[in-house]
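Residue numbering begins at 1 within each chain, and the chains themselves are lettered A, B, C and D in the order written.
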């Protein structure tokens, strides 16, 4: 394992120090428990939007703290859900009197830890709601499992939810629109290489020189199947088919797209992916209203990509277009 | 036998030692069907618990177990953090103000811990989680200690053996809960990491008896 | 070599297609010869700012085409300078009547190709000037070599030069301020892993599991020396010392910082680098006026980082702060 | 001997074949002290040149050399693109309207090509570039053909041998120009890629004579 780090035990703390050094105008950082929050918190009269999850997915979530997106983000250890005290303290710091919405990626650990934090806060009289994002179509939906994983759809949930809070919507209204995002978003990922959690020191899995993993999770969880390497266009076709099978799109539908790098993928390759995604959507008459291409939700240095498609309506389009001023996403500001 | 703060201190230290010793092993198990952090998480929790015990020096079982529970809750993270945190919190609450407890009290504490795990995780036996170790062991303890009035020390070997068996019995299971469930059938053939740390939990509980 | 590509020969073309699909509101693409240009070109009454270079460094340069930065970017093949016909056609497409400034990274090939384009354009009566960026302190400056390589400083040159053109400055004025950037900017890079040019199919160099390359070039050119791996803080110290030895900074000086990933480096590690960079600058009383952390000038999937320090004065600060609306850099818009 | 459009066509095809065959080799040489693209660049140029020759079907040496020069200029890129582009453009311009040229004309064309390379790249002999092959070979040709009035075909073996020697002589040199110069002393011990493709240039020029 070769990494630009000092001690594997301190990577999260040192990352947070480096982050706040880069964006002192946008964010502040609290240590023990760790959370990143808007420099102008608490914003009075606004629902507080909070997310969090394991570290190693940067810029998610800390990079999306700021005007128009999150009020706070709670980073766990690398690939490990944060603990309830983080969300509890973060919520108390940024709450502006209108309640708190948690955006939670659907992993057992995340759900449990956010639930515990919600219980603690409710016990103190705070209004707390949660929306769970479970957009990864790689996982077959089933009553008898932990359900789908939350991945790229989270970025759109945070953008659109944040816009709604900024417009002064009530907790119920914000929750409803984030649930609408959750319902209309689908993702799928692939990996060409694994990644190495600093504390583990070894790759999370192995993949030979001529294979890729179809349906990879953002923690290096194995996917649907391991396949022989193919040209990008064929891989994209498989990915888009998985998404479109799960959420059929019709001529005239409008979507927001996220063509996401897993952390170690050259931007060049992401554009080559976006080319095929765009061609396929154009082919079925679906309008690409907005496209993001880049590293938005990563798995350390993993090489690979994910595609996220969000079906839009007028409300979602408007909120998507609203300003955002965060370290990782800037829009109309 | 009577279980006082010294017993629980021994227990936690033995458990912590096992977790730290098995950091790599648990992590490897988790890498196979999860995200490869269970050992790292539990080791971090173990060290945090020991650190807090060192500075806070608890005087009662309840206090000690609460400190350990809070330490795990706020340092382990992932699925295991809330689950093991709950185990110790529930035990602490069950024991209440007693300075010393007996075998039956301990079993009741463990039974409540199991209820805590199941309430939180909603897992049943056979779903390839720590419940697969916890439920049979607690049932066995209830039978042997509450009904048949054995002392735990007399049945230690059987407890460890049962825990180990049930841990291994997770190998052929298909995961239905937790991160491993994403794998579907591909989760078959691997031992569940949480079941493994649970085996270490009961092993420590027993080994803390001698001395 | 495992890459999300179709045919190594088509990567540049397909990348450009994917890029314009993502940002149709900001950029247009011309093929054969290849160049990316502002969607609203030509902007009348404004100096046209054009850059270019080998592909594989994305988002450089195409990602910086748009309001407040470049009018056009000419992408060569991967790691290969573009050809004169690209700059020639690009210039004719975006020229707005006030002349053309080329920003050229200092590589023999780039300089020759841009010079040839300039000659062709001058022969047709266009006003053309060039500024060469040579900011890589890894290369010892010498009269008897090709001089220093142009690297991260180019991003600041394009930002500040673009702002000057947007303000309506004359060709001479724009040239002067870009030269000021060139004079006051220093960079240095390191690599933990090599990268693979698609057409070559093999890594550009080899590096063992416990080594890093100090002073790497953005084309995988070997650096100053190969060293045993060290903690991030020590590596950063070496990098900053190389920069500060070349351009001493004093208490009270203000700088813009770029902590740049080579393409395959997790953002987490870049923040850990930025932490130490910031601590060192704070330690000598230098003010960090603005910091960029991320992938701004890359080498495909190479793991590693570079640090760029630009010494600012009031003029540079103002221009740096001016709006930019490009695929890869958005500021106050 | 007389050199007509057929000769130059043969020459370009042989040169192109060598470049394509040596794509890997030239790239490897460039990877050692440059950025590992010289073979890829020259191969792309070769294929573009052949493609254009195929569709444009030039009728005179001048036209043919101009087409090749423009093809290289607009497809090779890097340092080699302008340099080799210039070589063919200068040769084309020197030959002018003649349908056929003689040995002396060819040497003058090559001399002008060398001047073009040096004007553009500002490199001198000993700086580890293609000039290290070009200058001695052109000097030799000037001596043998312009002064001593030999035919090129008579001294072919010597030309190829000289080019090869000078190519190899770049190995111990420290690069002072081009990308390899960034390496300083570390550029010593490697053969210059551009000198190598220049050797192939002169080899092709000679081999095109027979047939």
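Everything that follows uses one rule, which is that a contact is a pair of C-beta atoms (placed from the backbone, for glycine too) under 8 Å apart; a residue touches a chain by one contact, two chains touch by 3 or more.
It should be emphasised that the depicted structure is a prediction, and the values quoted were computed from it without experimental measurement.
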Rounded Å distance, chain A centre to chain C centre (Cα mean): 29
Rounded Å distance, chain B centre to chain C centre (Cα mean): 55
If you average the CA atoms of chain C and of chain D, how many Å lie between those two points? 32
Can you list the chain C residues in contact with two or more other chains? 78
If every chain is a node and each touching pair gets an edge, what shape is that graph: line, ring, star, complete or other? line
Quick one: which chain pairs are touching? A-B, A-C, C-D
Could you pull out which chain A residues touch chain C in their complex? 2-7, 11, 14-19, 21-23, 55-56, 58-59, 63, 78, 192-193, 195, 209-210, 212, 229, 231-233, 235, 259, 263-276, 278, 288, 291-293, 295, 298, 300-301, 303-305, 330-333
Show me the residue ranges of chain A that touch chain B in the complex, using the header's touch definition. 33, 54, 76-85, 107-109, 112-113, 116, 138-140, 144-146, 149, 197, 199-200, 202, 204-205, 217, 219-222
Listed in rising order, the residues of chain B that touch chain A in the complex are 27, 31, 34-37, 40-41, 44, 73-83, 120-121, 175-179, 181-184, 186
